[in-house]
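One structure is given below, encoded as C-alpha cells.
Naming follows writing order (A, B, C and D), and every chain is counted from residue 1.
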Amino acid sequence: MTDNITLVGVVATPPKSMQTASGLSIVSFRLASSQRRYDRTRNAWVDADTNWYSVTAFRQLADNASASLAKGDRVIVAGRLRVRSWENGEKSGTAVEVDADALGPDLLFGTTSFTRVAGRTPEPDAA
Amino acid sequence: MTDNITLVGVVATPPKSMQTASGLSIVSFRLASSQRRYDRTRNAWVDADTNWYSVTAFRQLADNASASLAKGDRVIVAGRLRVRSWENGEKSGTAVEVDADALGPDLLFGTTSFTRVAGRTPEPDAA
Amino acid sequence: MTDNITLVGVVATPPKSMQTASGLSIVSFRLASSQRRYDRTRNAWVDADTNWYSVTAFRQLADNASASLAKGDRVIVAGRLRVRSWENGEKSGTAVEVDADALGPDLLFGTTSFTRVAGRTPEPDAA
Amino acid sequence: MTDNITLVGVVATPPKSMQTASGLSIVSFRLASSQRRYDRTRNAWVDADTNWYSVTAFRQLADNASASLAKGDRVIVAGRLRVRSWENGEKSGTAVEVDADALGPDLLFGTTSFTRVAGRTPEPDAA
C-alpha cells in the first residue's frame, strides 16, 4: 500500500529548483518536523527529537512552491513517503523522502495572500 | 485512537469568524473534497463523489485563516475527524466535522506571499 | 485527493456478508471509534464522543473478514472515507463510510492465530 | 505535530521480544512495505521500491504481538514515525522507526482466530 504521510514542519533549507531536459519542473528542500511526546512520569507533553525529510514537488506545484516558500516557513505537506538506501563509493546511507501531492504554508504563525496562476490546467492526480 | 485525517479540497462557503465570550477565536467553513476512483473496467481514473466537511479552526490559526482564506480557495487541512449525531426538534442528522491542527492554501493552482503575525506566541499543541 | 483514513475501534454490529450477482464478495459492519481529547483546564486526557462508521470490504478481504471477525472485536481499518448524502422517500441523511484497503484484529487486548487461505491470489490494489 | 503513519506490509524478521529491568515488554521487527506507483507512460500501476521500517510495540501490545506474529505475516501498523540519526564509532546512519499504537494481522491473505487475554486492563493511550 502507498505509505501516505502528512507532515507539518519548517522549511530548513532554501528550496532548490531544477528542470529536467524534458522540461519537468522539480523543487526540493529539507523539512524539520519537531515531535512531541507524552511523558507519563511528568504527566505532560515534552519536546522529543526532530524528524528530517527531503521533500520534493513536481510540475506546477513545484513552480508555485518555488515562487512562494522560503527557508524558515512553516508548511503542510501531504505526500508519499519513500525510504531509500543509497551508495556512493565507500559511503552508504538511508534517505527519507516525501513526494508531495499537496503543499502550502501553514497559517499558524501568519497570514497569506493568494494569486492564481493562469493558463495552465494541472494534470489530474494519478492518485 | 484519535481519528486523524488530511484533506485537500475547496473552501465552499465564505469562512465565518466568531469569538466566544471568553475571547476564543473560531473560524469555520464547508470544505468540498472531490474523490477519484480507479475504474477497473476502463483501466482509468474517473471522478467519484465529493465528500463534504465542516472545518473548524481555533485561536491564532482561526484569526490567520480568517484573514487569508476565501470561498473558492484550494486548501490543505490536517486535523481530527468528528462524526456527530444531532437533533433539532423533529429533525436529526449526522454532522461530519474536522478540527484543524494545521491549515493553509495548497500551492497547486497559484502562489502565496506570507506575512508573519507578530506578538503572539502560539500555545504548544496538545498533540 | 483520496480521503484516506485509519481507524482503530470496535466492531459494533455482527459483520454482514453478501455476494453480488456477479459473485463479488462484500462484508460490512458498523465501527465505533472512541475519541479522547486533551483537556487544557484539567491537564489530562478525557473521553470524548464516539465516531461511528460503516465499514465495507470486498473480494478476498471480505471473505476472510467474514470468517474472522465478530461483534465486540477491536480492529484496525485502513481505507478511503466516503461522506454520502442519501434520500429515502421523505427521509434524508448523511452516511459516513469507509472502504477498507486493509483490515484486521488489533492485538491490544488479545492474541490471534493466522491461517493462510490457499488458492486465490488477490488482485493487485488499484492504489 | 506528531508524524502519524499507517503501514501495511510484511514482517521481514522474526519478532524479537525484550523486557526492561523495570518489567516493560518490548517487541520489535523489520517491516517491508512494497510501494506501487502509477506509470503515466504505460497508464498502469507498476511495482516501485520497497520501504523498510523498524517497528516497535510496548506493554500488552508487545506481549500479544510476540505471541501472534511471525516472519512472513502481512500486518497493519498504525503509529508514530521517528527518523533518527545514529553514530557508532566511525559509522553513522539514519534509522526509520515506527512506534506502534495499533498492530495486527491484515486479513487479505488469510483468516485469524482471536483469543482475549484476561486479567490485564491496558493503560489508556496517551494519544
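Observations on the model:
Keep in mind that, in the parts below, contacts are C-beta pairs under 8 Å (C-beta built on N, C-alpha and C of every residue); 3 or more make two chains touch, one makes a residue touch a chain.
Bear in mind that the values here come from a model prediction, so they are computed numbers and not experimental data.
Greatest Cα centroid separation from chain B: this falls to D.
Of the pairs listed in B-C, C-D or B-D, the one whose interface repeats that of A-C, with over half of its contact pairs matching by residue number, is B-D. Centre-to-centre spacing of chain A and chain B amounts to 20 Å, using the average Cα coordinate of each chain.
Rounded to a whole number, the gap between the C-alpha centres of chain A and chain D is 24 angstrom. A separation of 30 Å divides the Cα centre of chain B from that of chain D. Touching of two or more other chains is recorded for residues 1-2, 4, 6, 8, 36, 78, 101-102, 125-127 of chain A.
Those residues of chain B that touch chain C in the complex are listed here as 1-9, 33, 35-38, 40, 49, 51-53, 80-85, 93-96, 126-127. If you check the complex, the residues on chain A that touch chain C are 1-2, 4, 43-44, 78, 101-102, 125, 127. Considering their complex, residues 6, 8, 36, 45, 57, 60-61, 64-65, 67-70, 73, 75-76, 78, 101-117, 122, 124-127 of chain D touch chain C.
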